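The structures considered in this document are given below.
The same chain A turns up in both complexes below, where it pairs with chain B and then with chain C.
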Partner chain A sequence: MANEGSDLSTFDEVQGIASDIFGVAVAKLTADSSPDTVDTWDSVQHLNLVLALEERFGLQLSPEEIDQMKTLGTTAALIQTKLQTSPR
Partner chain B sequence: MAIVIQPYRPEHESAVQDFNRRLQKSSGDPNLVFSQSAVPRWLPPVGNSPVWNEFYVAVDASPGEKPSVRGTYALTQQMIFIRGKGLERIACYHHPLSEGIVDRKYASVGVLLARDALARQPLLYALGMGGADTPIAKMLKALGFTLSAIPFYFRVMHPAKFLREMHALRKARGRRMLMDIAAATGLGWIAIRSAQAAASVRAGRPNAGPDFAVDEIATFSDWADELWTQAKETVSFAAVRDANTLRILYPEHTATTRRLRVSHEGAAIGWTVVGIRRKDAKFGEMRVGSVVDCWASPKNMLSVVRAAVRALEKDGVDLIVSNQNHQAWRGAFEQAGFLKGPSTFVFAASRKLSEMLQPLETNQPLFHITRADGDGLPANF
Partner chain C sequence: MSADHNPANRRAEIDQHIADGNFDRAASALRELWRREASSATASFVSSRLDQLREKLPLSKFKLAILRSFTVEPILPLLRAEAFACGIDLAIHLGDFNTYVQEIVDADSSLYRFAPNAVALAVRSEDVAPDLARGFSDMTPESAQQAAERVVHNYEQWVNSFRAHSQAALILHSLERPMHPSFGVLDSQSETGQSGLTRQINRELRRIASEVRGVYVLDYDALVARYGSAHWHDERKWLMARLPIAADHLLHMAREWMRFIVPLTGRTAKCLVVDLDNTLWGGIIGEDGMAGIKVGAEYPGAAFQALQRAMLDLARRGILLGICSKNNLDDAMEALETHPGMLVRAKDFAAMRINWSDKSQNLREIAQELNIGIDALAFLDDNPFEREQVRAALPEITVIEISANPLEYATAVRDCAAFERLALSAEDQQRTAMYAEQRQRATAEQKFQSKEDFFRYLEQEADLDPVSDLTLARVAQLTQKTNQFNVTTRRYSEAQIAEMAKRADWHIFSIKVRDRFGDHGLVGVAITHDNGQQCEVDTFLLSCRVIGRTVETALLAHIAKSAAERGCQRLIGWFLPTKKNAPARDFYREHGFAPGETNDSGTLWVLDLKSSKLASPEWIKLNVTETATTR
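Here is the complex of A and B:
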């Protein structure tokens, strides 16, 4: 399952944000998409992804959490967990 | 993988050497290298020094594996004078290196480094960076830094050699031919000298100006404190340049730069530090002099620039370069016949620092920033 471990709507939102930032069609981004598979996912765009997610979901990602953002799937799962555990 | 950023200690040195080897092997860029020593050779943190370097490493400590360094950065901690606020401890962020440059698996390391630096010192700036379009500059902009280019000035001393050796301008075949013709016929000499004279006239060239004397000095003493005090209110932002700090920045044994005291009727009116830049492919075989640093009240700036030019001329340089931000210094360089060129020397101020420097519209032209700021000295010499 492409978005295993994360809520579908959260994954969709992360996927949409990533699509805008990386300039890649949504359809081409899966839960397995990573810096190794997306040409435009470099360190600058990684930062832009972090900042966009923080703004969209109103949360702050710690260094450990940023380090966990290896794929879009793990990123969506991370956001989902934070949304469930953090007071908003 | 679990990346932890921590101060660089001697036990990390072998992992930093491995990191350097991986970066250089994959990128082919010999400049991608971090200090092999955990103790900074340039501005080590000793005693109660007012300016020092701190090194940090991003250690990848995956369970069961030998810890590896995946990123590095340095902070130069220094006292900065901000008009209306006094002295503030501010840090310069430099030498950020991430394994993400050569291995996308580590794309997050650059973000972690920059955020770690900001967490340690919210009043942060970066300088240089090779332009506003480089990854590091883009990253800092995304983090809310305010970017501005520090103007670049040059004065051609030997036009024919400049035309033959200025590789950065000779990339296109047609232009290369024109430059060769200009060098051979003497037309280039006329054109460059005319352009420099015109720049001087446009800047409102004054008369000869006051007589001044120039003395090469071994070290800075009390007179430099007086100059610092006299002129600091004419800038809105400047790294402290009192005698104590200058002695640390430009120690007696430094062979790469010369320290010049400029005086009028025996009294110091300013100082400058000049040097010969290391070989750089874009300058070909030219001997390039640099006005690295300078300090004076506005009325004496032109004398200081002329003193620097005179000293470098005696050294036989073909070209003199300088980066200057303060509007009065820019005017003095133009009056001395310097031309303005495209700058890749960028100043980036963190959000907190930018807030402190408001209103930027009026304060930014009064920032005293030169090639000596940031990590400029070891990087260029």
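Here is the complex of A and C:
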């Protein structure tokens, strides 16, 4: 599952995963991207994004945390915090 | 191999191949991406690109319906990506939540309109047996027992109703035992506790599967146990989104479904070809010698014994074993014949290429020697470079991906869906011995001046029988697997064959062949359909191991005679060419048929039964059974 040989920041990885899930080019996704700016970011894809992030980073997101994922930027920040507070 | 490790660049590369119309390269790059990072995110990417490619690639099409009591949507991209990696274009119909009963009993439901090849009944204990799963401690032992019986009764009704409307395969998920039984450890002390009754229901599901054709059990309870109940479940996702499976295990659910889908599509491997040094044993025989290589009951040799045990299990399943190794033949043979730690021996291998030649060339030769397609080979090699070369040269081969840790080799082989079988015939279990006999025949053949002398020497004996309960599975299996000597390449499930056998105007014949070297088993099938005075050959096929022994003439003469006895004037049959069935191309011409109508798919051949001189060769002794015995 690891992107071997890569040296990507958490935001880059979240952005790459979101690109796969939403079917939108990486270049078109920014920290401000949200369900309002990305057409395919609906509730079904939101769940898929959550699952893909949990799988990739080896963590579990609570319903409260999932509600905090309003933009890609806040999502990446949330993941970053969780990785620091409870490393694998 | 792509040099670029940045995931975004790998994706851009694939899109560029698609834009350029290089669909084969796009497909192999997409498969490589999936091998490197099989994840939910990648699955979404693969699934969306597959939508652009699916019509342009030679994929087997398969339609799966999933009837469910929980959220499976996030699993679908993973399932499609896995299927694509196995050469299958999977179309999926998803039932609404908990509408499975209506969908099954209503002949006009969207389930049946979808015309699936297979249906998975993915329901959980909580939904089909709610009182057993949740209210268990409220029940008396008698009422609990009755509840379990009611569940089984429901399943029986669903299965019967399903069979009345569809011949598709039906995959029943077994029920999961409770993680925390209501009575704690006391539950384990009797057969009628919560776990005991769940087991009882699962046992009954197995019985139903053994009684009704095309019904199979997916052991969900064992699947959850394999990965650990505490890890498999995600209570929060269940409450939030009706998704009971944790993110890490969605792929495992998809792979378990694939273990049924792959054998149902017939995209299976018939032979596992292994490397020797550091694959079948630890170390290098040419350098370390007999005393230095590692294989035995103790670590580290135990890892290699475990792989050998897995290989022997495959052999009992009818899968041939082969060797493809860069080695000195004498060194390798000494280890194969005499090393005390080895579980597999030289005699267990149907074909060997131990030399210093290119592996892809050796694999081509192995396929040819065994008379199977290259796509019927699976290849296991510890060297990633060899694996990549074989993949590049022979993309149709199943190359088993393994880590550098030998302890994982056996599991990689056991997990490979290409080795799964849903039924086993007597032929499957004796296949390796049959190939050894075949080598003796080939040696004998060289001693004779004329083919006829060789045929007489063979002393062939053939049983010509209508299909029966005992042969149904094998007959269906042959229609699914036979590619070379097959005039129409029509694939039938067991249930479809059983249905045809019930009809008066259809006739299904099988041929079993023995000779002085041994028993070939059931190796040929002919299916005919009467239409007035005309009898049409729907299917005529012969296993490759008896091609060229005039057995085909005996079977054809038998169906012609049978048609004439029923009053038919003409025997007709289509030859529908495929990439693989050239061996059957001249079959009708050589037996006195005249070419008739020709269209895009093939040519119709016609035999006038009155003037035909078609007869079984005198050197084959025939035993003919006239009456069918199918339920």
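Basically, the second predicted complex is superposed on the first by the 79 of 88 C-alpha atoms of A that agree within 3 Å, B and C clash if a C-alpha of one lies under 4 Å from a C-alpha of the other, contacts with A are read in each partner's own complex, and residues count from 1 in each chain.
Keep in mind that, in the parts below, a contact is a pair of C-beta atoms (placed from the backbone, for glycine too) under 8 Å apart; a residue touches a chain by one contact, two chains touch by 3 or more.
All values derive from a computational prediction rather than experimental measurement.
Novice: Look at A:W41 in the shared chain and tell me whether it touches chain B only, chain C only, both, or neither; answer first, second, both or neither.
Specialist: First partner only.
Novice: Which of the two, chain B or chain C, is in touch with more residues of chain A?
Specialist: C
Novice: According to the stated criteria, A:L51 is in contact with first (chain B), second (chain C), both, or neither; which is it?
Specialist: In the superposed model, A:L51 contacts both chain B and chain C.
Novice: Quick check for you: in the superposed arrangement, does A:I21 touch first (chain B), second (chain C), both or neither?
Specialist: The answer is second: A:I21 touches chain C but not chain B.
Novice: Kindly classify A:M69 by the partners it touches after superposition: chain B alone (first), chain C alone (second), both, or neither?
Specialist: In the superposition, A:M69 contacts chain B only.
Novice: Taking the contacts chain A makes with chain B in one complex and with chain C in the other, which residues are shared?
Specialist: In the superposed arrangement, which is not itself an observed complex, chain A uses residues 44, 47-48, 50-51, 63, 66 for both chain B and chain C.
Novice: Provide the residue numbers of chain A that touch chain B in the complex, in ascending order.
Specialist: Checking each residue of chain A against chain B gives 34-36, 41-48, 50-51, 63-64, 66-67, 69-70.
Novice: Can you list the chain A residues touching chain C in their complex?
Specialist: The contact residues of chain A facing chain C are 1-6, 16-17, 19-21, 23, 26, 44, 47-48, 50-52, 54-56, 58, 60, 62-63, 66.
Novice: Under the definition above, what is the set of chain C residues touching chain A in their complex?
Specialist: 5-8, 11, 36-42, 44-45, 48, 71, 73-74, 77, 234, 236, 240-241, 243, 246-248, 250
Novice: Considering only the defined contacts, which chain B positions touch chain A in the complex?
Specialist: Contacts found on chain B: 1-3, 5, 98, 100-101, 104-105, 107-112, 114-116, 135, 138-139, 142-143.
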